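Structures incoming, each one as structure tokens.
What follows is a pair of complexes built around chain A, which joins chain B in one and chain C in the other.
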Partner chain A sequence: MAVLTVKNLAKTFNVGTAKASRVLDDISFDVRGGTFVSIVGPSGCGKSTLLNIISGVEEHTSGDISLTSDSGGPARMGYVFQDPRLLPWRSVMKNMMYVQNDRSEPTVARCRKYLDMVGLTKNADFFPGQLSGGMQQRVGIARAFAVEPDLLLMDEPFSHLDAITARGLRAQLQDIWAQSKKTVVFVTHDVVEAVELSDRIIVLQPGGRIYEDITIDLPRPRRQTDPTVATLQAEVLGRLEAMKALSRTASEVAA
Partner chain B sequence: MTDQLIGAAPAAPPTDPEAGAKRTAKRRRLRLTGLVILGWIALYGVWEYGSWWFGSRLLPTPYEVLMSAVEIVESGNFLTDFSASVLKTFAGFAVAAAVGAPIGYLMGRYNYWRAFFHDGVTIAGTIPAIVYAVLSLIVFGLSNLGPILAVALVSAPYIALNVAEGIRGVDKSLVTMSEAFGRSPQQIRREVLIPTIVPYVFAAIRMCFAVAWKVEALTEVFGGRNGVGFQIRTEYQLYDIAAVLAWMFLFIVFMLIIERLVLAKSEARLLSWRPQERSSAL
Partner chain C sequence: MSTTMAPVKARRSTTEKEQETPAWQKRLTSDRAARIAALLSFFLFWVLISWLFLRVPGPIEVVQRLVDEFSRGEVFGNFGKTLYRFGVGVALATVVGIAIGVVMGLSQLGRAFFESPVLVGLSIPAIIWSFLTVMWFGFGDLSPIVTTFLTSVPFVIVNVAQGVRGVSRDLRDMSTTYNVPLSRRIKDLVLPAVTGYVAAGVRFAIIIGWNGVLLAEWFGGGGGVGYRARWWYDANRFGGFAAWVVLFVGFIVLLDRFVLDRMIQRAFRWRDASA
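And now, the complex of A and B:
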């Protein structure tokens, strides 16, 4: 069953007084429950805007978005941002609890469980300022999983981290996802990362249209060292390069 | 995993040049302390000489003032009047916060209101405190409300400007995060907005307090019905200069204690979440 359905979505920003810029143009796709879908595209093509619209933080200009939830109530969403976005004046545990709808015993236990999964049980009472960037980002990930979202949105969560920390966190994310089987929409400009993590990759092109929809059918867990993973990564990267070349020629023709 | 606790890095073993530097620093500290003591002795000498020159009726000796201070404290008067003055100062703050904080909120939140209030608040903040003292006396005459009004008038502009600054310092990305997780506007106000502006308000209170208690006492001298300023006036009318000076010194000492210890401590407690500066470990 589709958890998220996006139909003919378009977004125009009104810049200044008159000039309007179209960021997303006629986007349609749906995401089945329990799958990990990546949205890949060069920077500035509207990936963050798309996530913000899905999460409801941003309005869309036209088209439809529908979300269904397991509970039948309003769909619950989790969001992992590029930066950790923790409240600096609250401890790690209180940051986890801040986004929860209740303070019941099971909720507290769930927060502890996810904090444990990212390896930060010992740091529950620390303030964010006492943690490294990588640890803060792990809190951000635990926080998003701990709301038990119907849909989990992630916007380039590893792009601000150094390569080694990022690799460790990707492995950790794979493990957590394998256990929780949440529905994830994951935005990145990094094709290699997308192939490692996803069941499916939606490629956005500059101008905000879907260029390609690729199914990644590789066994899990996937590791960087696996040659079949590397081969597929190279192939998808090749296709993206072709798209970039195409859009370059298009803009040259237009000029 | 490369990430580890900040500040958990092992301290470098002490080396010889470091120890040498420590010795030099210690010697410099000793020399400075010596100069401070010399300064006090010089002050004492000037005072003694002054009271010999003017006569101790005009300028009592340090010892007379000390005895007078002991008497004031022992009689219990100090506690009553000092707390009256402190209470009025804080009542003034409460009024200033009640008026200044909403104005600051509007100024920080909306550009229109900022345009409306900005010049007025800035001017109000520049007017000398003595003008407010006089104004309060004109409004309330001989009453306890005069000092409260004076403190409120002096403090409100600072509080407004600092709250505005605080609101403008709110991290938009935290607000977006809260919205993405479905937090209510009320939750966002309590968990994001208010914690952001608390340090700014505290800065305002500390800044104001230094001025406020002096204005408060000054207003009491002319129009108070109790408090330290009132006592100073009474003793002055009785021509007991030693008591005037004793009240003054006691007041200064205890206000400085409040300013340096009580306010600073509660600020540190409230802002304990701030990461410790790493250099302080050296």
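And now, the complex of A and C:
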């Protein structure tokens, strides 16, 4: 069943003013429950805007979005941002509890479980400022999983980290995802990362349209060292380069 | 003939500078020395003025009057009264000020509603409120309490509202995506973020508020520090008047130094832990 359905979605910033700019033009896709979908596209093509619209932080100009939860109630969302976005004056554990619906014993246990999964059990009482950037980002990931979301949104969660830390966290994310099978929409500008993590890649092109929808049919867990992964990464990268070249000539023709 | 030149050092390290500075110089240029110098020059200025003008009581006279008041048993009763009125007024101003400040900071509508009344409140001096409250409530505790409250609450509101508007957009968006209920957002996000502004607001409330309490007591006549100061003033004995002023100012300074400062440091523990 589709957890998320997006239909003819469009977004124009500053409607009706001289600064009006259309960021998303006509976006339609749906995401089935339990799948990991990546949205890939060059910087500035509207990926974050799309996620913010799905999460409800940003309003859309036209089109439809529908979210379904398994329980039939309002869909629960988790969001991992580019930066950790933790309350600096609350401990790690209190940050986890801040976004929970209730303070019950099972909720606390669930928070502990996910903190354990990202390897931060010992740091539960630390303030965010006492952790490294990578550790803070792991808290952000644990927090998102711990709400048991119907839909988990991630916006370039590893792009601010150094390469080695990012690789470690990607592996960790694969493990956690394999255990929880959450529905994930993952935004990145990094094709290599997308191929490693996703069941499906939606390629956005500048101007806010979907360029391509690619199914990634590779066994898990996927490791960078696996040649079949590397081959597919190279192939998808090639297609994206072709798209960039195409949109470049298009804008030259228009100019 | 050969001359050898000693190499010229471009810059000295901090360790070298540290070692070369004599101890007396370090002590003289410390923050503490500056504070003591300020106190000392104020004191000298006071002594000088009291010599030049007969009607200005000198330090010795003030201390004598203070001792007299203590021995008469006037101090604790009156001081306690004032403290009670002042404390209730400032506490009310803090609670109400935070509440209205949060509303003004969070809601456009709230801001539109409260902006003008707060502006008017800011511009009305304590002396006007003290006249009005004595007219309204007579000579009891209520006039000084209400005067303290009314003179100080706008300062708390303005500070808190400004702080709330500055709360990180990113953290607010995060709370929205996770559907965090409003009460928890205020408790865990807004209030900790505005601690510094609340502290600044309460400081203002205390400094402005004590004008209010003393003036209301001055005109009210229901006892207290202001009442006692006026009593000496009317008796043309400025030493007694000054003694009470010194007592209360000293109390406010100590309160700020040892209670407020400590509380602010406690609220910012997370910052020290992170450093």
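By our rule, the second predicted complex is superposed on the first by the 252 of 255 C-alpha atoms of A that agree within 3 Å, B and C clash if a C-alpha of one lies under 4 Å from a C-alpha of the other, contacts with A are read in each partner's own complex, and residues count from 1 in each chain.
Please note the rule applied: a contact is a pair of C-beta atoms (placed from the backbone, for glycine too) under 8 Å apart; a residue touches a chain by one contact, two chains touch by 3 or more.
What you are looking at is a predicted structure, and each value in this text was computed from that prediction instead of being measured.
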Joint occupancy of chain A by chain B and chain C, clash or fit: clash
Contacts of A:V147 with chain B and chain C, given as first, second, both or neither: both
Partner chain(s) touched by A:G134 [first = chain B, second = chain C, both, neither]: first
Chain touching more of chain A, residue-wise (chain B, chain C): B
Partner chain in contact with A:S55 - chain B first, chain C second, else both or neither: both
Which of chain B and chain C A:S180 touches, first, second, both or neither: neither
Chain B versus chain C as contact partner of A:Y98, first or second or both or neither: both
First (chain B), second (chain C), both or neither touched by A:D83: both
Part of chain B, among the options 5-13, 59-67 or 149-157, whose backbone runs into chain C after overlay: 149-157
Touching both chain B and chain C, residues of chain A: 52, 55-57, 76-79, 81, 83, 85, 87-90, 98-99, 127, 129-130, 147, 153
Residues of chain B that touch chain A when the two form their complex: 1-7, 173-174, 176-183, 187, 191-192, 195, 273-275
Residue ranges of chain A touching chain B (in the complex, touch as defined): 52, 55-57, 76-79, 81, 83, 85, 87-90, 98-99, 101, 119, 127, 129-135, 147, 153, 162, 164-165, 168
Touching residues (chain side chain A, partner chain C) in the complex: 52, 55-57, 76-79, 81, 83, 85, 87-90, 94, 98-99, 127-130, 147, 153
Interfacial residue positions of chain C with respect to chain A in the complex: 170-171, 173-180, 184, 188-189, 192-193, 270-271, 273-275
